[in-house]
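Across the two complexes that follow, subunit A remains constant while its partner is subunit B and subsequently subunit C.
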Partner chain A sequence: MRYLRLLGAFYRTSIQTDMEYRADFFTRIIASLLGLLTTIGSLSVAFTYTTNIKGWSFSHVMVLLAVYYLMDGLIETFIAPNMRNIMAQVREGTLDFVLLKPVVPQFMATLRTINIWRIANILVALGLAGYSISRLSLSVGLSEASSFAITLLAGTAVVYSFWLFLVTLTFWFVRLDNIEQVIWQAFEAGRYPIEIYPYWLRGALTYVIPVAFIITVPAKALTGQLAFSYSFVALGMGCLSILLSSAFWRYGLRFYTGASS
Partner chain B sequence: MKYWINIYRAHLKIGTAIMFQYRFAVLIWAVWGFVGPLLGLAVWSAASSSHGGNITGPQGATFTDRDFAAYFLVFMIVSHLTMSWDAFEFAFRVRDGNLSPRLLKPIHPIHGDLATNLAFKFVTSTMLLPIWALLFYFLKPSLPPPNWTQLLAIPAILIALVLRYIWQYSLALIAFWTTRVEAINQFYFTLDGFLAGRIAPLALLPGWLGVVATYSPFRSMGYFPVELILGRVPSDQILSGFLFQVFWLVVGVGVFRLMWAGGIKQYSAVGA
Partner chain C sequence: MAEQPHVLVRDLVKTYRVHEREAGAGASFRSLFKRKYKEVEAVKGVSFQLMPGEVVGFLGPNGAGKTTTLKMLSGLLYPTSGEARVLGFEPWKREAAYLRQLSYVLGNRSQLAWDIPAMDSYLVNQAIYEIPEKQFRETLDELVALLDLEKLLKKPVRGLSLGERMKCELAASLLHRPQVLFLDEPTLGVDVTMQNRIRQFVAEHNRRYNATVLLTSHYMADVTALCKRVIVIHHGKLLYDGDLAALSEKFAPFKQVRLDLQDMASAERAKEFGEVHSQEGTKVTLRLPREKTSSVVARLLAELPVIDLTVEDPAIEEVIDQVFQGVEA
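What follows is the complex of A and B.
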């Protein structure tokens, strides 16, 4: 309960800061719409020649794209700003100020700020999802909606853990900000159905950098192509990844040499 | 002439030294250039295999899997050699006033920037060469037998480099009026994606989009040299391709001069 109140305070203060840069919201909306336009345009050119690509219709790919943008928005709004902060704090030794606070360090470090204007991506994604679902004239019932919510939550948990794992590595290696670029480069592949990639890349995108798990799976859940029971498997994987990465973080913290120690 | 050679030599030396200092970070940035073409290749070869093995455009140009591999790999290299990112840098400099000391120098800042750009390409291309070679080995592109017209791609790439550079720099100058250029840049990259052949070979664009792409400056910035290397330009269209390049280059230089003259009066950093 106390932690929920704290979270509210964290988010309130960071939204207040962002309110000073309101024009950023429009920049983000425009940038995200144009990025979307490029991807949709390139897909629709490809789809003028064929009605399905490896079993995916145009509208199904649109749903996938919406999930991609949704995930991108969630990461940039809630996860990435904190993780970038931690990397900077470890380098500069200012993580001390986080560790000294009378709360669980992981909570304080990974949920401290949000980047509210990145919500633009989430809004654009929700619009696209609504539009493409109505085009498919899919009936999204309670089971699709809940299985989508569960798999999306699980996907977010996996992203969070993956990033926490990387951040923990900075306790030993200090400079890892370039790794973030590599991860984003792999994340780009999530724009398209995993089936279009060659066999070895599909494996890498499923098991090494779990792009398929965080994007393709929720998209399939939303369009009813996923067995409901699988969403519980996904949820289990999400929980497991959180547990493992938190344990690794606590282990890594012991190796942190702050500015004062 | 000797004056300019000396200036560029000095700038290139500094630029190369800086790039070597940050070689790892620079390499990771350069790898971004792989993402677009490889994704394009994945989409198009999946589309062609779902369509019976090949795709024929409205004008009759046919692409198989291995043609797509050739197209996107060559495009990746040409795009790396001609790219520029100065629009981002320039807006920063206008915003934080870092442009001021550069204006005090006796030569136009564009020369130093162009030299840095060339140094980046020199350093990264040598590092990327083995990766490119591996990609060519594994993706098995179908390349045409070597012939003399492919050598014309060298001047075409050089013109494309300067052309893209001057247009992007002109775009960056909008920062004099607006200070923020992210949205404008994104718009430019969207156009570039469609009209330079980044998302698909221009020969496969449908209807009006294909017509626009034929006459736009973006064709000269990327697609034309790529097609020369792939031997897809009919011999009676080579000359007109070069004329288009030169035409857009002249227009670009004109626009740049006008915007610079107007923009520099707008510039209002501390001390300017």
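What follows is the complex of A and C.
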């Protein structure tokens, strides 16, 4: 309860900050629409020669794309700004102020701000998802919707954990500016069905950097191609990744304060 | 019943492991794989106590171990060995109950969010420290009046001057009425008027809430204005702990005699009476051993055409300088 109130205070202040940059909202909408259109354009070229790629029809791929943009929006709104902050704070020594507060440091460091205008990406993605689903004339029932919500949440948790894990490395190495590059490069691979990649890459994208897990799985859930029970497996994986990355973060903090040497 | 000390430090030691690297590309490359480490002792067994409500100056040259000590006391660093208790807590456990009663202000860093008005950061702090609305308003009103913040709170922090920002920073650190306050160079880079303001303010906070304050500063005026007692460390070791006034007696056992004489000839003669500190024409300042001061002054007055004569303690900066030089020698 106390932490919910805190989260409210955090988000309120960061939304107030963003209100000064209202124009950002519209540039974001335009940017994500443009990105979307070019991707759909090149996909539709591919689909003029075939009606399905490794079992994925055009409309199914559009759903996947929608989930990709949705995840992108969630990351940019809730996760990325905080992770970038932590890296800057470690470099500048202002992480000390987080540690001085009577609050769980991970909570304050990773949930301190949101980038509200990135909601634009989320809105565009939801629009595309609705459109593609109507094209497929699928009926999304309660079971699909809840399975989608659960797998999406689990996917977000995995991204959060993966990023937190990499950010924690800055306690030892201080400068790791290329972390974001690694994350986004891998993430981009997720905008296409995992099945189109060669076998070895598919393995890497499923287990090493679980892009397949965070995008393909929710997309399958939304289109009813996923057994409902699997969403609990996904939830379990999400929780596990949070537990592991939090443990690593706490270990890193001990190093930061010199408690481990 | 005797009062318990607010801050208790015993044999505190902090050794850093520093990555050592020689210059040159080859060496940099080798260090990627095999790192050499050097142990640096930043704090070598420091002990002291602060009683509730004390305001104590924590002095030492750069690299003496002041900030390392303060960081250990505020739970940001884990000591290599030794003990510390602040308000009965072991600081590096960082218990919420402890952090709620503490503030650590760093003059060169800011906890305020850059793009939003300070007031919004205060509201976040209110949530973090769970300050009840009534108490929050009261404290805020006090702080606004004392620091003259009225016009500053609504502006984004990035638009404030350095001094204004420091005032907002101090207010942010005091909203939760901390019992223990560590101030690390709070007046750094701030103009003289603002320095005065900040000093008065710290004194007022101490008086009002009986808060214990440990202050480091490069401006001796901060220390002389606020602290009766000083702790001096150098190379990580405690050099002095006691009255600020007694510091000069111990480390600078001399007085300064300022003379204004009628002519240059007598100015030259005056210089034979003691060590010359400085001279400007017929104005001569001599440095005399404490115990001889009165007899020499009597002789000066008897033998020379003196227009004016004053006896004073050396400036505190000089005493401190003397302390550190004494240790180097």
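Quick notes
We take it that the second predicted complex is superposed on the first by the 256 of 261 C-alpha atoms of A that agree within 3 Å, B and C clash if a C-alpha of one lies under 4 Å from a C-alpha of the other, contacts with A are read in each partner's own complex, and residues count from 1 in each chain.
What we mean here is this: a contact is a pair of C-beta atoms (placed from the backbone, for glycine too) under 8 Å apart; a residue touches a chain by one contact, two chains touch by 3 or more.
Just so it is clear, the structure is predicted and the values come from calculations on it, not from any experiment.
Because the two structures share subunit A, they can be overlaid on it, and in that overlay subunit B and subunit C fit beside each other without clashing. In the superposition on chain A, A:43 makes contact with subunit B only, while subunit C stays out of contact range. By the touch criterion stated above, A:143 is placed in contact with neither subunit B nor subunit C. Contacts of A:185 after superposition on the shared chain: subunit B is touched, whereas subunit C is not.
Seen from the CA centre of subunit A, subunit B and subunit C lie at an angle of 100° in the overlaid model, rounded to the nearest 10. Touch criterion met: A:196 reaches subunit B, while subunit C stays clear of it. Touch criterion met: A:31 reaches subunit B, while subunit C stays clear of it.
When both complexes are overlaid on chain A, the residue A:5 reaches subunit C alone and has no touch with subunit B. In the superposed pair of complexes, A:134 makes contact with neither subunit B nor subunit C. Between subunit B and subunit C the least C-alpha distance in the superposed model amounts to 12 Å.
Those residues of subunit A that touch subunit B in the complex are listed here as 23, 26-27, 30-31, 34-35, 37-38, 41-43, 45-50, 52-54, 178, 181-182, 185, 188-189, 191-192, 195-198. On subunit B, the positions that touch subunit A within their shared complex are 24-25, 28-29, 31-32, 34-35, 39-40, 42-51, 55, 180, 182-183, 186-187, 189-190, 193-194, 199-200, 204-206, 209. Those residues of subunit C whose C-beta lies close enough to touch subunit A in the complex are 14, 16-17, 71, 74-78, 80, 92, 94, 96-100, 102-104, 106, 109-111, 113, 115-116, 120-121, 123-124, 126-130. In the complex of the two chains, the subunit A residues touching subunit C come out as 2, 5-6, 8-10, 12-13, 16-17, 20, 92-94, 96-97, 99-103, 108, 254, 257-259, 261.
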